[in-house]
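Okay, so subunit A shows up in both of these, paired with subunit B first and subunit C after.
Right after this comes the complex of A and B.
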């Protein structure tokens, strides 16, 4: 058996509040393997932006404007948002 | 069903009188109004708060606020509802959030208004940063959101 060759897809990632400060970016593009999960994307982001590592446990994730779990499978063009604990009002 | 609800995330100052204009109808017996304002604070090391600076994931927050109003409408006989939240810098004493709910009877308007501010604070994709007299800033720790 040969290892399957994963096609890469591109997603958009948005950072807010403490994560925007930690990354210095509001929005970035990220390449992940096709069918990669939100957790896969987070692991990749931690490598690129080590400063977010200490916040990730408390971060909620949303895809295309709706909250999703870490096992959610991403598709090309998805907008993944990393949402620190909220403090509106 | 179309409604006159006004739901927005705005960088403009909230004009309370304007937001409440034409709010009462002949069927409305009670209008409950909540204003959340920037309160003066002193940090443990003696610095004073100058302002709050709000950031939002606007597209998501607006959608969430609409969903909250829809949830409130399914529980209470709401005639009209306005829900405004500021982004950007909000000086001491200025409102960052305005919620007004008009219903036939007062108990429903109080309950629905309370529900809306409580749920907004728990889940809306909005963050506030404190700005202190020495120029330092700090994000308010906030409430972790657990995906369903």
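Right after this comes the complex of A and C.
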């Protein structure tokens, strides 16, 4: 039997607004442990893109076009969208 | 000019009005009854900027009878790239005044209420209470939280829009109304963003730039939601948030939901009246720096390009500038060093596209964003005098602090950036 901790899944991450600038990317693929949470994905992203560290506490998170909390469990192929607050008008 | 909206009630359209609104009257979803609803509606547009301009124009054209406008700014030349209520002749005029004239000229049926003020915790309830629908088109976080809380407390729909560079978002916050798809209570702004971002971490349009047509697209989407709500037609954008990207030409619709733990509209609200929003967000509603920039912009336009802007002190600094001797050097001192051909490492830490607007000769470009990977280029110069500049002195100070941590001993940021340089040393040089 495989230990589930070591099974990795691939998800898609979409960056909006200031996160696009901080990462230099609109969309990336990310490997996370199966059943990893949104929060796990965010922690992994901070390691890859340290510039987003100051923003992640405040971003709204959505999976497959629906807002979810940080404890939401991700599945393979999910699209995680990170929407930071924007004030311009 | 801050009077209460006229109370009047349109019960019948006259023949001019039938002509003017004929295209609406032909739509069964609007018709005579709908047009009367529009003429009797009272809408408050907070912010007469990029979003407020197209919103107010379309609402006035549609015959929305009372439009309140809140804005304390005057028209500045850099507004004209996107704020289509204004024109070159209105530079320097209060926005609400210039806007009211334009809207009245567009449609004499509309009464425009000028609120030339800053909305804050002391006046927001009184203002919001006088209108049926509130539109958030402001440019700062304190006002967005302030408008949100007042709308929740007074049960008014809040038509929200915001923009950033090439992206925008729109939704309708109305926790007193139901999500038309699910029947659930809709969210408010705090349900999505309970806490404001760290001060300075999210650039405004003035800092980050914005493509001029973007507020036109987002603002007209907001105006569309206002009209639907007034008429009671279609599916209001409650419980859904639409994002738009102008570069990808992509709209996305996210499902958003009410948060039971929300401090203002949750099960146990802790915020039942407006709070101190400047303290909550850690930033002022009116950024003194951007107010000063607007003033200088207007002055330059009205009094010629060579105007020196605000009076500078004996060292060439703006009167209330908090000069930091340890970290900064004035443009005049730098000029002296450059003229004397002193041996300095002279760096520009802005982005490539800013160099094309204006620059100081003799500098090497290392953008702040690239300092990490490019610090090797400066190795071996730890003992030399390093002077860095940027647009207005903020990024160069950060750059200097990083270099000091990295063992550079004599590092200074040029106070006020190239903007101050272009006032004091190179008058008439571009301000951007």
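In this text, the second predicted complex is superposed on the first by the 80 of 89 C-alpha atoms of A that agree within 3 Å, B and C clash if a C-alpha of one lies under 4 Å from a C-alpha of the other, contacts with A are read in each partner's own complex, and residues count from 1 in each chain.
The working rule: a contact is a pair of C-beta atoms (placed from the backbone, for glycine too) under 8 Å apart; a residue touches a chain by one contact, two chains touch by 3 or more.
These figures come from a predicted structure and were not determined experimentally.
After superposition onto subunit A, the partners subunit B and subunit C occupy overlapping space and clash. Legend: residue contacts after superposition of the two complexes on their common chain; A:18 is shown touching both subunit B and subunit C. Touch criterion met: A:61 reaches subunit B, while subunit C stays clear of it.
In the superposed pair of complexes, A:85 makes contact with subunit B and with subunit C alike.
Taken together, the two structures place residues 16-18, 20, 58, 60, 62, 65-67, 81, 83-89 of subunit A in contact with subunit B in one case and with subunit C in the other.
Residue ranges on subunit C touching subunit A, taken from their complex, read 47, 49-52, 136-141, 144, 161-165, 167-169, 192-193, 195-198, 201-205, 208, 210, 215, 243, 248, 252-257. In the complex of the two chains, the subunit A residues touching subunit B come out as 14, 16-18, 20-21, 58, 60-62, 65-69, 81, 83-89.
By the touch rule above, subunit B contacts subunit A in their complex via residues 36, 54-57, 59-61, 63, 85, 96-97, 117, 120-129, 139-148.
Residues of subunit A touching subunit C in their complex: 16-18, 20, 26, 54-55, 57-58, 60, 62, 65-67, 81, 83-89.
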